[in-house]
Every structure is written in structure tokens, then in C-alpha cells.
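One chain, chain A, appears in both complexes that follow, with chain B as partner in the first and chain C in the second.
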Partner chain A sequence: MWKFLIKRLLLALFQITFLVIAVFFLIRLLPADPVSRFVGMNASKEAYLQAEMSLGLDRSIGKQFQGFLLGDKNSLGLISGDLGKSWVSGEEVTQEIKKFLPVTLELITLAFIFAAGISIPVGLWGAANPGGIADKGTMVYSLFAGSQPEFSWGILFIFIFFVYFGIAPGPLGRLSPLTEAPIVITGAITIDAILAGRFDILLEALWYLTLPVLTLAFVLSGPIIKMVRENLIQALQADYILYARASGISSMRVARDALRVSISPTITLIGILFGYMIGGAVLIERIFSISGIGQYSINSILAFDYPAIQGVVLTISSITLLIFLIVDILHALVDPRIKL
Partner chain B sequence: MRKINTQIYQLLMFLIFSFLSSCSVQQDTNTKDSIIYLTQDVPVGLNNDGPAASIPESQIGIVNLQDALIDYAIDTDNIGEVRSLNFEKFEGRLAKEWFFDKKNLTWTFKLRENVISCAGNELTADDIIYTFARAKSVTGAAPIGWFLSSVASIKGFDNEVLSNPGARKLGDEVKKIDRYTVEIKQSAPNKLFLPALSTFGIRVFDSIEAKKNSSEEDPWSHNYINNISLPGFGPYCLESWSKGNEFIIKANKNYYRGEPRIKRVIFKRIPQSSNRFIIMRMHQADIAYGLTPREFNKLSEFNGIKVVGITGNQNLFLHMNFKTPPFNNLNIRRAVAATIPYKWIIKNGYFNQASIWRSLVPSRYPGAESKFDLKWNGIDKAKEILNSEGYFSPEDLLVYKDSFKLSYVSEKEDILAPIATAIRTEMRKAGFPVELDPIPLTQYGDRQLVKRDLPFAINSEEKPIVVDAGYAVQLFFASADAGGVNNMVNYSNRKVDGLWAKARVSEDEEERFKLITEIYQYLEEDIAWLPIAEYKTRWGAKENINGFVWYPDNGIRFFDLSMDSK
Partner chain C sequence: MSDKKIKISLLDIFGFIITGAVIFLAIFGEFIVPYDPTMVTNTVSKGPPPFSSWPSLLWDVFVNDLPSPHWFGTDSSGLDVFSRTIAAVRTDLIIAFSANIISASLGVFLGVILGYFRNILTEALLRLFDLLQSFPVFITAMILVALAGRTWVNIILAMSLLYTPIYLRLTRTEVLSLVNRGFIYASRVSGKTEFYIAIRHILPNALGPSLVQFSITIGFAILLTAGLSFVGAGVRPPTPEWGSMIASGAGQLVLGDWWPSVFPGVATSLTVFAFAVCGNFIEKNYDR
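Now for the complex of A and B:
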């Protein structure tokens, strides 16, 4: 176990290092200039040069990389855990990521809880009666939900539930603009509301998060249902299950064993989808005006805010690698045939 | 067991009911004191010399939290749905009066007394000294304060400041005379002095509060002002700021022009214009900015909501680079001009909320003459001109197909793509091999400002923030040698440069006007830019909100607004 963990962590370190170097150099190859955005289109040449110097872009690319790793006048360097300051806001990138990341994690965690809570029982139900009405219904639903990207469902849901029926809140973020948010402790508003003992805010946050969470869960549940159903059907038809049944083992026990075997690929799928959604929830964030890490990364890319882009890539890739590691460990716990 | 199940069921129903009830209460977002302003983004920074200063949303934050020494008076003659400014008349803001000593090129400003900042400090001459010293320090990411001071010809704010750290200390060019009097010296006569002082880039800091939040590494408090607050004497004070989400300002009760009528403004970031539209439509916000022309038109159809607008300084023009053949040929530029579907653009691109732009200066600015002659008009005329140049078929122009990539900012796709498509269609009829080339703003900026190699583009980004036809010449049309700043089309005309050199230092208003008029004649004859349309700056608002005033930075001043009781 420990050997596996150390091996995986070393591999992750190697992957992140490669990614950091690649991102650092690749973004500088793009045919755009961040300085003009900061000084404005109508700045003089002299003002432009001054801004270029203040951002450290007047140095050679090698010197810039050295500064990024080991520190310069703008940061202590990546080695010291300093991602530098955003060129757009002037704030520490680490602080900005701390602010935006929990927002996305909260959104997608709620969506995954909701999606898994619905998809796994529905998938099991379909698999228990293959070919039945319930099975056909779940197949149609899973194909339907996955047939369109999440943003189009989001827009449709806003129109139906907010504009047409008026029973859902507008796409105004995580709280009504008139509500004073609780003191930020974790950055996840539901948790912060609980910590502050503000259950009114908790309810309101859940209310405002209903549509984005439903939209994400609606789309995510399609592949999860399909995965659960198909793997469970396969497992139930496996020789060892037939043997178990023939041996007179109770149907509950048989079902539990079949589920343990079939749930493994579902965990992998959820892990992959979760990792993907950290950056991939950007369209949902945009449509529902939620300021998460996806929005932050898109804004950073459009502004060519190099320190922010580097910080976001580093953070998202680290979390994704961590999720994959957790998925591997869960596999081993769920399926005793897998040894770490 | 059954009893327990019933109790659980009742509890569940109670919780669902309570939840929905509490939520429906939250949906009523209107209060007497607060208004919700929907915007594409909230201020990213509040530092006029900071990295976010060129972002319009940041400028709106700055102008509501800080005040200028002087500003234009509101035009009382032309009262429309949105009032404008009287660009012939300045009035005091933090300065109650000012005098100009022509002989010594020195301006004397008498400050108002008992002007109190949000932090409770009184305005004194030290705040003005601090403001200019900070600008001259060029310690921010973007030296905008220095740039605008140099545009105003304030002595010592020259290029040496950037190359020589020794020249960055404020000398006696900005001098304290007494507690409420300062003098500012110019290096040369320059009519742009007062207009530059009215911009967002030279707003006055509360120096006591700013210094309180400085550090050894950051003596000019850039970090504090970029991220925490902006110390100033403006009509509003910052209540809270969650970057990327929300920005709340509250009325400054001590404001010297009286406490603002709108007591609290919540800037809410709604990145999608379609969402701003539906939130306004559902009456869940009070003002929205930055909708597409189609959305504004649709919004005006709903009860209880109005759309107000004014032709300010937002415009659309065609950029043809003089260094890229065939645009170095005047007849090619004329042929292109002949193909432009002006009426279609006004009607379908801007839903009749624009007019044909017949000048190279916003028509609202003093000195703008509406006389750009559309004598080159129609596809046949374009073909005739092309034939005269030896281009008889579309194949003849294929050699220039890279030059005819029509660029525009892809972030403005909603508005610009239909217009670009219409221009392409018409130009192709005349034989021009036009292709569309949408590119991100950052890349557009790089090619326009730094490389200056954009051959052909439609541009809706440019507006001279200093209200002066001469400033527009300096900004866009003068050669670099003649002090030109952003001559993106590489236009060069010695006569224009010579006339601008005279106009720049001219103290005689009439003579300056004549010189600038002559400059614009050359620019129009040469088609330095091809002006297309001036479109309205618009806001969607609830019907009970009144008092909109247009400013050259297009930023709303909430102090001007009032809210009738419903």
C-alpha cells in the first residue's frame, strides 16, 4: 500500500513538473500580448514599456522561468509555494484560487451526490429487470440526458423554471444579491452558513444552487446510470454469480457481491467525471453566474494572465491526480481482487 | 410503527414547505434603499495605476468612490432620457475655484473646505500632492496617472520619468501653497489640461488613509487599492467587495454635494448578457448594462422597464492599415468605402439605435464636424474604381487575400459578427476576397497596439476618454515622431503632423479650432479611418429610476440617479 502510494505520488510529481514547464512555455508562444490589455489600447509606447517592465516581461524567457521557480521581485517562486500575483487583479494567485476553488468543489460535489444518489438506485433497478419498462425508461432517460451539453440544459431549465413558471431563482449566483453572505471560512457557502449557524442562509444557498446542481446532475446521471446498469447486468450473468445462486446463497448476498464487482467501473467513471468537471463546469458557472475556478481560469486565459493560468493549471491537475489516486484506493477497498 | 412513519412524513412536508416559503420571500429583491446593478463583471481592481485600470468595470468603481478636482457641468439645455455634459463648461468638484497664470503656465486650485472622506479625513492640499506624487512614482503596473498628466503637459511628467528613476520624485510642479491651495505648473500651454483632470485617471486620493495602508515594500498602497479599498472623497464608500462576484457601495453621508439619493448599490456580476436580460425582465434587478442591441430592444417591450440611451462616444469604424497593400492605395480605400452597407448596419446591426458616423471624432465632442462625405457609394461605384486601378475580376485581388481578412474582437461576436458578415457580403459583390477573422481581445490588442500589423478590421473599441478633437488626433492619427500614441493604421501625413504641432500648443481657441478642422479635412480625404456608425450607450432600468447622465468613460455615476417611490 505505502509503496504504491509513494510510487503514485512520485509519478504525480513528475507529471505536474512536466505540466508546469509545458504550460509556462506554451502560453508564452501564443500570438498575443498581455501588456496591451493592462495599459489599455490607447497607452503610449513609454507607458507600455513601463508596464512590460513592471510585469517582468522585459526579461528573457529563461530569466522569467527562473523567477517563476525561484522567485523574483514579484514572487517568492514556486519552490516556496508562491504562485505570484495575478496581473489582472494584483492579488496573490494562491488567495484567488482559495476563493474560487471551493465554490466549484461545492457545486460539483452537490451535483455528484445528487447524481449518484439517483443514478445508482435507478441503474440497479434497471439491471434487476432487464428489458422491463423500468429498464427501458432508464435507458431512454440516460440517452436523453447525455444527448445535449450541460449548458443547453442549463439555459432550458432557466427558461422553464425561472422565466416561464417562476418557481426557481434567477441565475444570480449562490445567494440573492440582497443577502449578506456569511463570513468566509471554507469558501463553500453551505458549509460556511452551517458554521455560522445561519440556517436561513443555508436554505437560501441550497435554493439558489438548485438549478445549477440539477442541471449538472441531470447530465452526469446519464452515463452513471448506463455504467451501473450494464456492469451489474454483466456481473449478474457471470459464472461465479450463477455458481453462488446454485449454491443456495441468499439473493441479497448475491446482489451485494454483484454490486461490489460492478461498482468498480462506476467509481472510475465518477472519479474521471469529477476531475473533468473541476475545470469543465465553466459553462454551468457562467450560465448561473457562479464565480468558480472554471470562470477564473477562462478569465485568466482571455486576459493572458500568466501567473493565474499557471496557478490554475497546477491546482486543477494536482486535484485531478489526487482524485485518481483516491479512485485507485477505493477500487482496492471495494474489489478485493485488486492489490495496491 | 405506522405512527412514527406518519410523523416523519409530516416533518418532511413541513421542511419542504418551510424551505419553499423562505425561498419565495428571498425572491423579492427590491428594497427602498438598495438597487441591484447587473454588469458583465464587477471591478477587478480600484487602482488607477493598477493592472485592472483599463477595464471599464474597474473605472466605474473608481469614479463612484473618488472625485476629481473639476468636471464638466451637466448640460441643462438638452434634457433627454439621458443627460449629457456641457463640454464647454467646467465646474468645481473638489476644487471650488481655479485660475490660470498664462505667463507662468501655472494653475492655482482653491480646494473646498470641510470635504470629508469615507475614512473621516478632511481634504487638504496634501491629498493633491500625494495624488500627483503617486502618479509620478510610476510604481503601479500601468502608469495611467503619469500618462494622463503628460497628456496635460504637467511639468516634469515627461518620458524621462520612465527611463530615469531620479526623475520620479515630485518637485515643485505641484506645490502646496496653503492648507487648501495648490499650484500645478505646465511645461507648455495645452488645452488638454482641464479635460485630463476630469478623467478617472487623475482622481484625488485620501492620502491619510492611503498612507495608513502602505508598507515598506509598497509605499503607494497599490496592494491595498488593488484588492481591499480605494480611499477617496467620492459620493460612495466601499461596503464590501467580492472579486468576480459582487461589489457593494454605500452612500457617503458626508459627501460635500449632499448625500446620494440612492443609498446603496449592489454591483452583481452576471457574465451572460442573456441572463442580465432575463433577470431584468423578471424585475429582479434595477439597472443592467451591456446587453446586445437586440436584447435592449426586446427589454423595452416589458412593463415597468425602460431602456435609456444616448449617442455618446461609442462607434464603429473600418480599420485599413496604410502599411499593408493594397490599403496604401487611396482608391482601394475609396472602393472599400463604396461597399459599406451603412443602412443595413444601422437597421439590423444596431436595431436603429445608431446613426451613420460622418466624422472621425464622436459627434458629441466639441470640434466634431459632421461632414464625412459618402460620395463613394454603391457596388457599381466600387467596381468602377477597382477597374480604374486595373482590377477587373475577383481573381485579380486574390494576391491580397491575406490583407482582406476582416478581423474583429471575438468577445463581441454577438454584435460584430452580423455586421462583419454583411460587410463581407457586400465587398465580395465588388470582387474583394474578404474572409472573417474573429480574434480574442488580447490578440487584437497585441496586433493593434504593439505590432500594428492588423491589415483590415472592424473596430468598436476606440473612444478618446479626454473630450477633445485634438486629443483624438494625438491618440490616433499623429505619427509617432509627432507625439502620436496609438496610430494603429500607421497613417502618416506630414501636413497633419505639422498642423497638430501648432494646434497642440495654441492658446488661441479660434486658431486651434481652425487648425484641427483642417487636420480633419486631410484625415477624411485620406480615409485615415472609415467611420461607419455611432451607436447609443444604453442602460436597461426599472421605470422608477431616473437621472441618467452620460460621461465619456461610459461609466454610470450613481450619485446622479434617483428612485421614485413605486
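Now for the complex of A and C:
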């Protein structure tokens, strides 16, 4: 177990090192001119050079990388966990990410709970009678949901539930503009509301999260249903299930074993999807004015804010790699056939 | 090929029809549209005519030769939503197909090379492409396009880069299962060069999974194209494109004007679903 963990951690560290290098140079290799973006097209030569110097772009790319890693006049360097200051807001990038990341994590965690809560029973229902009406229906649904553009459904849901029926809150963010947000502790508004003992705010936050969560859960349910169904059908046809049945073990017990085996690839899928969604919830955040890491990345990218872009990509990729690690461990815990 | 019968369901037929229609519109769409998709008209934010009046309106247009109404209404700047939705098919499909053709060719070629010739160099290259896959797809695409410039070519190149590892992985796995097969040994014994074997024998036999993947990834690519322009990091307006149409219509939506964003949204939904159905069909009937 420990040997496996250390090996996996070393691999992840290795990957992150390369990621840092790749992100840094990728951004700078692209033919963008952030300096003229900041000083404007018609700026004087002096203003341009001064801006270039204050952004640290007058140095050679090697020196810039050295500064990014080990620190320079603007930051302590990545080695000390400092991603530098945003060129737009002047704030510490780490502070901004700390502010925006929990918002996204809250949104997608709720969406995954919802999606898994629907998909696993539906997948089981389909697999219970392969080839039946329920199975065909769930298959078509999962193919459909799994291919859909979440942004156009988000907008459609807003039109139906907010504009037309008026039963859902408008896409105004996480709380009504008139409500005072609870003191930020974790950054996830539902948890902060609970910590502040304000259950009215908790309910309101959940209310505002309903449509975005629903939209994301709809798109996510497609692949999850498909995975549960296929794996369960496969597991039920496996030899060890036949053996268990032949040995006279109760059908409930057999079903439980099959479920346990078929759940482990589903965990992998959910892990991969979760990592994907941290960066992929961008569009939903945009539509519902939720200021999470996705919105932050759009704004940084469109403003050519290099430190912020680096920070976002590194954060999301590192989380993705961490999730893969957790998934591998969970996998081994759930599936008795895998030994660490 | 086995002699297993190919089964076609109603859903498959639906998928084929929509895919066919979409490809038809991508080629001939410009001859069908009643208005110039980038030219503003005098009617602003006008709703589509009620569906019940469509038969008589169609009669007027085709028999009485009256000017065409705005079938899907007009948006807030007076652009005809119907013409733009149809014209956008070409934008989205050209980007999606080009990106997939480039990444599939590159991915298959690299997959054969990295799978057949295994040494430190190819192993390092493989790891490099693996790393590329741990990048957040949408955000990386946004970075590449926004920083390199929002042109068609850059969008296509960015997507090609992001999708190449998918094809590479699929092909390489297939190649690994082929290298020890009898016909490869036979070819080697008959004195063919290694490169000849890789291209002439391995490559054609390792194409299968990529062909299955192609239709699925086309759908992804359409979603990515639309998503990029939805956030303002894709093709520049006024080029007709579904994502940017949905985005520009979203502002009007809360006021009750649903048509500028819902019609292109439905078009996107149907198209990607149709490609998913086709991918599913090929996957079901592909015999490995």
C-alpha cells in the first residue's frame, strides 16, 4: 500500500513539474502582446517600455521563468507557494484562487451528488432487464444527455423556469442581491451559511443553485448512466456470479456483489468527469453569473493576465492529478480483485 | 468483417437523417437562406411567426412568390435568426471536421510510430502527450485561441493539438496488439524494411478505433467551437456561429425574447446528438 502510494505521489510530482514548465512556456510562445493590451494601442514608446518593465516582460524568458519559480521583486516564487500578483487587479493570484475555487467546487460537488443519485438507480433499472423497454429508454436518454451543450440547456432552463413560469430564481449569482452573504470561512456559501447558523441563507443559496446544478447534473447523468448500465450487465454475466448463483447464494447477495464490482469503473469515471468539470463548468458559471474559477479564468485569459492564467491552469491540473490518485486508491478499496 | 448482421434502429435512422441534413446545409446552406446572414434588416427583435401560420406563409413564399418572413425571428440588431442558424452550420462543421482530420491524421501516424518503434525518444514523446491530456480542455483551448488570435485557423490548430492525444492513444494500443502477429513476422522475413511494415501493414490495421472515435469527437469539437465563441474566445462576430448567437441572444432571453438563442441552441443540440448517434452506431457495428 505505502509503496504504491509513494510511487503514485512521485509520479504526480513529476507530472506537476512538467506541467509548470509546459504552462509557463506555452503561454509565452503564443504570439500575444500583453504589454500593448495594458497600455493601449496608441501608447508612447516610453509608456510601453515602462509597462513592459513593471510586468517583468523586459527580461529574457529564462530569467522570467527563474523569477516565476524562485521569486523576484513581485513574488516569492512558486517554490514558496506564491503564484505572483494578478496584472489586472494587483491581488495575489493565490488569494483570488482561494476565493473562487470553493465556489466552483461547491457547484460541481452538488451537481455530482445529484447526477449520481439519479444515474445509478436509473442505470441499475436499465441493466436489470437488458434489451427491455426501460433499458432502451435509458440508453437513448444517456446518449442524448451525454452529448448535449450544457450552456444552451442552461439558457433554456432559465427561460422555462424563470422567465416563463417564474418558479426559479433569476441567473443573478449565488444569492439574491438584497441578501447579505454570510462571513466567508470556506468560500462555499452553503457551508458558510451553516457555520454562521443562518439556515435561511442556506435555503436561499440552495434555491439559487437549483438551476445550475440541475443543468450540470443533466449533462453528467448521460455518461454515468451508460457506465453503470454497461458494467452491471457485464458483471451479471461474469463467471463468478454464475458460480455464486449455482452455490445457492441468495439473489440479493449476488446482486450486491455484482453492484460492488460494477461500481468501481463508475468511480473512475466520476473522478475523471469531476476533474474535467472544474475547468468545464466555465459556461454554466458564466450563464448563472456564478463567480467561480471558470469565470476567473475567462476574465484572466481575455485580459492576457499571465500570472492568473498560470495559476488557474496549475491549480486545476493539480487537482485533476490529485483526483486520479484518490480514484486509484478508492478503486482498490472497492474492488476486491485489485491489490495495491 | 464478420457476417454479423448490421442492426439499424429507429434512432440510428434519425441520426443519419439529421447528420445528412447538417452536411447538406453546410454545403448548400448559402443557397437556401432568404437573407444575408451578416446583413442587418430594419426589423429588430421580431418574434417568429406562430407555427400554425407556417403552412400559409410557406404557400405565400413558394407559390405566390412573396418575400420570405423571418422564420426564426430577428435578433436585437435586426439579423435574421433563420439565415444565421443555417449559415452557422458551415462555420461549426468546417472547424470541427478540419480539427478532427488534422488530429486524427497526426494522432494515427504518431500512434503507429510510437507504438511500433519503442525507444527512449518515443517513450518520452508519449509521456509528453499524456501530460497534454491532464490540461483542462476548455481552458487550454481558450488560452490558445485568445492569445494566438481569434481566427478560424487558430481555433482549428488549438483543437487539433488537444484532440491528437486521443487518437494517438487509441492507435498505439491497437498497434501494440498487432506487432506480434504472424503477418508482421512474415513481412519482416520477406525482407521488407521496418518503416515499410509500419506504414503498409500496421497502419491500415490500426485505423479501426480511430474511425469509431472520429464521429464522437466531431460532436465534442462542435460543442467546443460553440462554447469558445459563447464566452467570446472563438470566431469573431458577425461570422454566423451557434455559440456566439446563443450568447448574444441570452441577454434578450430574460426579457422574454427566446428565439435568438433557442433556435441556434436547438440546432446545436440536434447536431451533436446526431453525431453521437452515428458514433454509437459505428461503435456497435464495428467488429474488432
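Heads up, the rule we're going with is that the second predicted complex is superposed on the first by the 336 of 340 C-alpha atoms of A that agree within 3 Å, B and C clash if a C-alpha of one lies under 4 Å from a C-alpha of the other, contacts with A are read in each partner's own complex, and residues count from 1 in each chain.
By definition in this document, contacts are C-beta pairs under 8 Å (C-beta built on N, C-alpha and C of every residue); 3 or more make two chains touch, one makes a residue touch a chain.
As the structure is a prediction and not an experimental result, all values here were calculated from the model.
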item: Chain A as common anchor, with chain B and chain C clashing or fitting; value: clash
item: Touched partner set for A:296, first chain B, second chain C, both or neither; value: first
item: Chain B versus chain C, judged by how many residues of chain A each one touches; value: B
item: Partner chain(s) touched by A:170 [first = chain B, second = chain C, both, neither]; value: both
item: Contacts of A:304 with chain B and chain C, given as first, second, both or neither; value: both
item: Partner chain(s) touched by A:224 [first = chain B, second = chain C, both, neither]; value: neither
item: First, second, both or neither for A:47, with chain B first and chain C second; value: first
item: Partner chain(s) touched by A:32 [first = chain B, second = chain C, both, neither]; value: both
item: Which of chain B and chain C A:55 touches, first, second, both or neither; value: first
item: Partner chain in contact with A:287 - chain B first, chain C second, else both or neither; value: both
item: Which of chain B and chain C A:147 touches, first, second, both or neither; value: second
item: Chain A residues contacted in one complex by chain B, in the other by chain C; value: 30-32, 155, 158-159, 162-163, 170-171, 286-287, 302, 304
item: Interfacial residue positions of chain C with respect to chain A in the complex; value: 11, 131-132, 134-140, 142-144, 146-149, 219, 223, 226-227, 230-233, 243, 246, 249-250, 253-254, 256, 258, 261-262, 264-266, 268-269, 272-273, 275-277, 280
item: Chain C partner contacts - residues on chain A that touch it in the complex; value: 15, 18-19, 22, 26-27, 30-32, 140, 143-144, 146-149, 151-153, 155-156, 158-159, 162-163, 170-171, 276, 278-280, 282-283, 286-287, 294, 297-298, 301-302, 304, 309, 312-313, 316-317, 320-321
item: Chain A residues touching chain B - in the complex, by the definition given at the top; value: 30-51, 54-55, 86-91, 96, 99-100, 155, 158-159, 162-163, 166, 169-173, 176-179, 181, 200, 203-204, 206-207, 286-287, 289, 291, 295-296, 299, 302-304
item: Partner chain A, residues of chain B touching it in the complex; value: 18-19, 22-23, 26-27, 29, 31, 34, 36, 44-45, 47, 50-55, 138, 140-144, 146-147, 150, 159, 162, 222-223, 226-227, 242-246, 266, 268-272, 274-275, 278-279, 281-282, 284-285, 411, 440-443, 445-446, 448-451, 461-462, 464-465, 475, 480, 485-486
